[in-house]
Amino acid sequence: MVHLERIALCALLAVAGTPALAQQAEFTPEQLTVRDAIDPGPNVLVYQQEWKGAGSIAVFGKNDLAFKGLMTSGMMGQMVVAPDGRRAYGQSTFMKRIVYGDFEQVVQIYDVPTLSVVGEIALPPKAAMTLGYEPMFRLSADGAFLYVQNGTPAASVTVVDTAKGTAVQEIPTPGCWGIYPSTAGHAFSTICGTGTFQTFALSAEGTVTGKTQSAAIFDVDTDPIFISGARVDGDLVFVSFNGTLHRLSDADGTVKAVASRRITDGVEGAWAPGGYNLIAYAAKAGVLFVGMHANAGDGSHKNPAEEIWAYDVKGGTVLSRSPVEHIASLTVSDDDAPVLFGLSEEPKLYRFTSDPAAGFTLTAAGTAAITGFASVAAVTP
Amino acid sequence: MTNLFDAILDRFDRLTERGTRAVAKTSGRRSFLARAGSAMLGGAMMPLLPFDRTFGQAFAATPGGAVDEALQCEYWRYCALDGNLCSACGGSLTQCPPGSEASKVAWVGTCRNPNDGKDYLVSYNDCCGKPICDNSPFCLTSKGERPGYRMGLHNDINWCMANTSKGYHCTVAVLVGLAE
Amino acid sequence: MVHLERIALCALLAVAGTPALAQQAEFTPEQLTVRDAIDPGPNVLVYQQEWKGAGSIAVFGKNDLAFKGLMTSGMMGQMVVAPDGRRAYGQSTFMKRIVYGDFEQVVQIYDVPTLSVVGEIALPPKAAMTLGYEPMFRLSADGAFLYVQNGTPAASVTVVDTAKGTAVQEIPTPGCWGIYPSTAGHAFSTICGTGTFQTFALSAEGTVTGKTQSAAIFDVDTDPIFISGARVDGDLVFVSFNGTLHRLSDADGTVKAVASRRITDGVEGAWAPGGYNLIAYAAKAGVLFVGMHANAGDGSHKNPAEEIWAYDVKGGTVLSRSPVEHIASLTVSDDDAPVLFGLSEEPKLYRFTSDPAAGFTLTAAGTAAITGFASVAAVTP
Amino acid sequence: MTNLFDAILDRFDRLTERGTRAVAKTSGRRSFLARAGSAMLGGAMMPLLPFDRTFGQAFAATPGGAVDEALQCEYWRYCALDGNLCSACGGSLTQCPPGSEASKVAWVGTCRNPNDGKDYLVSYNDCCGKPICDNSPFCLTSKGERPGYRMGLHNDINWCMANTSKGYHCTVAVLVGLAE
């Protein structure tokens, strides 16, 4: 045994060029390396949030849920992925003693193909430490700015210049929550506790040039909306606790109501939307997927989905209702036959294919193990 | 009384607006509001009762044992609690565990006490500066809970946010008022 | 709802002296406080190790396993508890980005009654990052010094002056592992890969004044010993992979063999010791408890216990064999009828009472939930 | 060859002794041995094979699929592995996942390949600088494993200890020799 151990240590300690092991002619030692990049192809990224340690972004192959590896984040963080799927950003918290002591909040910049942190941007120490919600951390349409939701508990938004790697400005947004960037330029809107939206126009440098307020959009007391939002043909779409779908336009710099309709009209069983990032729109297919639960009532709005409904926003009809297992958050690909990914509270990542010929009915097509509190996922091209 | 609330909220908003107009250049541990909190929020939860070791049993004195009830997610006070129970982590319904800090800010739920049929305002304060208390049950209920645009009713956020030590440990459920 | 929320906010924002809520005559608001101390009484402390976040020390009542709360630690840490049970120390690792970046190792000093960190001592950044083993982090008999096992992978021991709060010295201990402080003064012994022990004499200032080496004590190849050690009437006791109990004396400054005996002699079923901190001695009762598993073989030495054996060290006999569920580490109280605590890999804390009239047979008497990797526990008076 | 081993180990011990005689005053990230590692250990695992994308199948080319086997704790190379499998975390049997660092030091097991009946020396290197890969199976086997007084055979310690980034991510199983 002593001899074995010494051979082993020698293998480890071998001075370059020493032909120690090569003397064993029948065997060629393997080489330890670091893989340079993940396999190419479209991915699903899942933010695995932690509240007493390092969270991470798990990367899975879109087509087979093959696990490709982790990117490192911090505590109570958020994720946003660039449209090309090659760059991602994480926003999170670090304390000197993990749960106490000197407090830092940063954006980590990720190169997805190499699963690497390639940069870090310091933030004003005000970022909201919340469960994962897409509207907490957003990228402008052109990728020039990141918007960080702050909550101290006063609400504000930090604008980060991604090219310069610095925080440019903090914009007070008292009483409002969630960030919805415009489809062009650098404006963003936010939902306010009065049932209105505010929209902030930003210059090319990321500074505020104007602010507008919408008319009343929803009733905060009788039918509040979820902050989970989707873009449908350039419009913003939200659903309410009671199942009202609000279609809004922010095209002219002020949010305006376009249409509003109950998606549950005529349905038995007190069905309602529920979960965290609970809606996702497949643009090519023109279908909005919504996580729904039955027997809804006060306090059920975070219930995970028992069914996922495929809703035709234009036609205003429910195309299909697919039973699922406790899905609390969704994301969907932009294929002709969209592939939908769900996050359950177990936690588990679920993959579903959809059938355009059958109203986009979902079929379970794989699951993968995830860790932590996972409520944000993104599909890449 | 509404005027008083409005005055306080207006002042709150004005302070916020002024304090957050530009990005703070320092990376200090305490945000503007945390500082504001020393003045505005620090006075919250003034001692109105003598130091209490009764485990909050006064409002739960039903046969069957209030202490045991307080260790279950189903206990009536926990109708909008998203977190780990301090009552099962060395604290009580109204006490943070030794060595932790009570959060300076909190969300509020409205829960019906089955013993008297009345609706109570429950302040869900987080206790801070220690690891999440996974030894204690994790509960998630959301009666009356609202998204962050109604921050005072929102339970998805770390309410240790305005404290010096921001690690989330557990959550208490303090009766602060009777609903009308 | 708006009105309710404003009442709520007002409760939170209430300016001192504002009689807002007092106007509701029928209700007196409760007061939020921080509990000043845990309930008095003997405790069991469990180190809950984490490898990607903040570990902790969980405190339970010895008699009922009532959970009294947590004390905060860092990553990959160790714990040692002072004999009076009022002071404890944790040794752990902190990195700037939790799992990467600037690296610090510290001792945190705990006041157990208030579950508080009351001090911190910086360490040379060499402390071994291992699973929890009592001999990795020890206190001198008088509490003046802490000994920290280093592994970089070269072995050394850092001596920490607890009164001054500083690291005094690093003592090279190449090829040796584990720290066994003397019962008086400040010497410590360590187990070496040659099957010998080294003993280091230390001055009152914690500096090395001498070093001795034992004769061969055990055969490293054929019957290696576990590093889990116990004190039996002033002697050091270890068990080997094959079940040999070595009784050693360090009384005169050099480790010497006193006796050695196979505890499994005459037992059917290839039983052997196994686990992490797998032996514990109850001094008043004069009984050594050992975690044992059947069908032992190469690689089974970390198997959790299927039985715990009560061994009479003086008489050299097994007094009883109690079936248990996967206990990987033990600690025991010093009562006439010892109370034994076991840590399983689930992880779970088990409490057992013992019956002196029946060879200290164990009876299950409670369990409690624990978290992380837990392999070190300590009972306090 | 024994003389060579002895010479290396002696030098290792002497350097250790000299380097650790006094407490380092700096709180630098890299310990003495980590620095020594640049010279002594940094040369370990010299590239002896061309860059390999075969997922280590050469030694596991049995019907049934080597890739699947490498994802199971029961795979023969894992006879003394205490950790999460890099092969199921974006790496392979011999590759750390992208964005992680290979450990500079390692423990070694001796495992029998059921396909050829030979005993191989397996270097269990940790991959470092990322969170523990809980998405991948955790395995614990300890054939030939020894306590820390036989450090090169010990698997209870973080083998990222000599790297700059010391966070433990996962473990590979690299064939480095044939046992005699």
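Points to keep in mind about this one:
Each chain gets a letter, A, B, C and D, in the order it is written, and its residues are counted from 1.
Criterion: a contact is a pair of C-beta atoms (placed from the backbone, for glycine too) under 8 Å apart; a residue touches a chain by one contact, two chains touch by 3 or more.
The shown structure was predicted, so the numbers you read here are calculated from the model rather than taken from an experiment.
Listing every chain that touches chain A and chain C alike gives B, D.
For chain pairs A-B and A-D, the one joined by more C-beta pairs in contact is A-D.
Rounded to whole angstrom, the centroid-to-centroid distance between chain C and chain D, based on C-alpha atoms, equals 28 Å.
A straight line joining the Cα centres of chain B and chain D is 48 Å long.
Mean C-alpha positions place chain A and chain D at a centre distance of 35 Å. Under the contact definition stated at the top, the residues of chain C that touch 2 or more other chains are 1, 52-54, 72, 98-100, 220. Within chain B, contacts with two or more other chains are made by residues 12, 105, 129-131, 144, 150, 167, 169. Each chain pair that touches appears in this list: A-B, A-C, A-D, B-C, C-D. Chain D meets chain A in the complex at residues 1-2, 4-6, 8-9, 12, 40-41, 43-49, 51-52, 56, 59, 88-102, 105-106, 108, 110, 120-121, 123, 125, 127, 129-131, 133-136, 144, 150, 152-153, 167, 169, 172, 174-180.
Listed in rising order, the residues of chain C touching chain B in the complex are 1, 3-16, 18, 20-24, 26-38, 53-56, 58-59, 67-72, 113-117, 368-371.
Interface residues of chain A, counted against chain C in their complex, comprise 1-2, 50, 52-54, 72, 74-75, 94, 96-100, 220-221. Contact residues of chain C toward chain D in the complex are 51-52, 76, 93, 95, 98-104, 122, 124-126, 128-131, 133, 149-156, 158, 167-172, 174-178, 191-193, 220, 224-227, 298-302. The touching residues of chain D, when paired with chain C in their complex, are 12-13, 16-17, 19-24, 27-29, 31-34, 79-80, 105, 129-132, 140-151, 156-162, 165-169.
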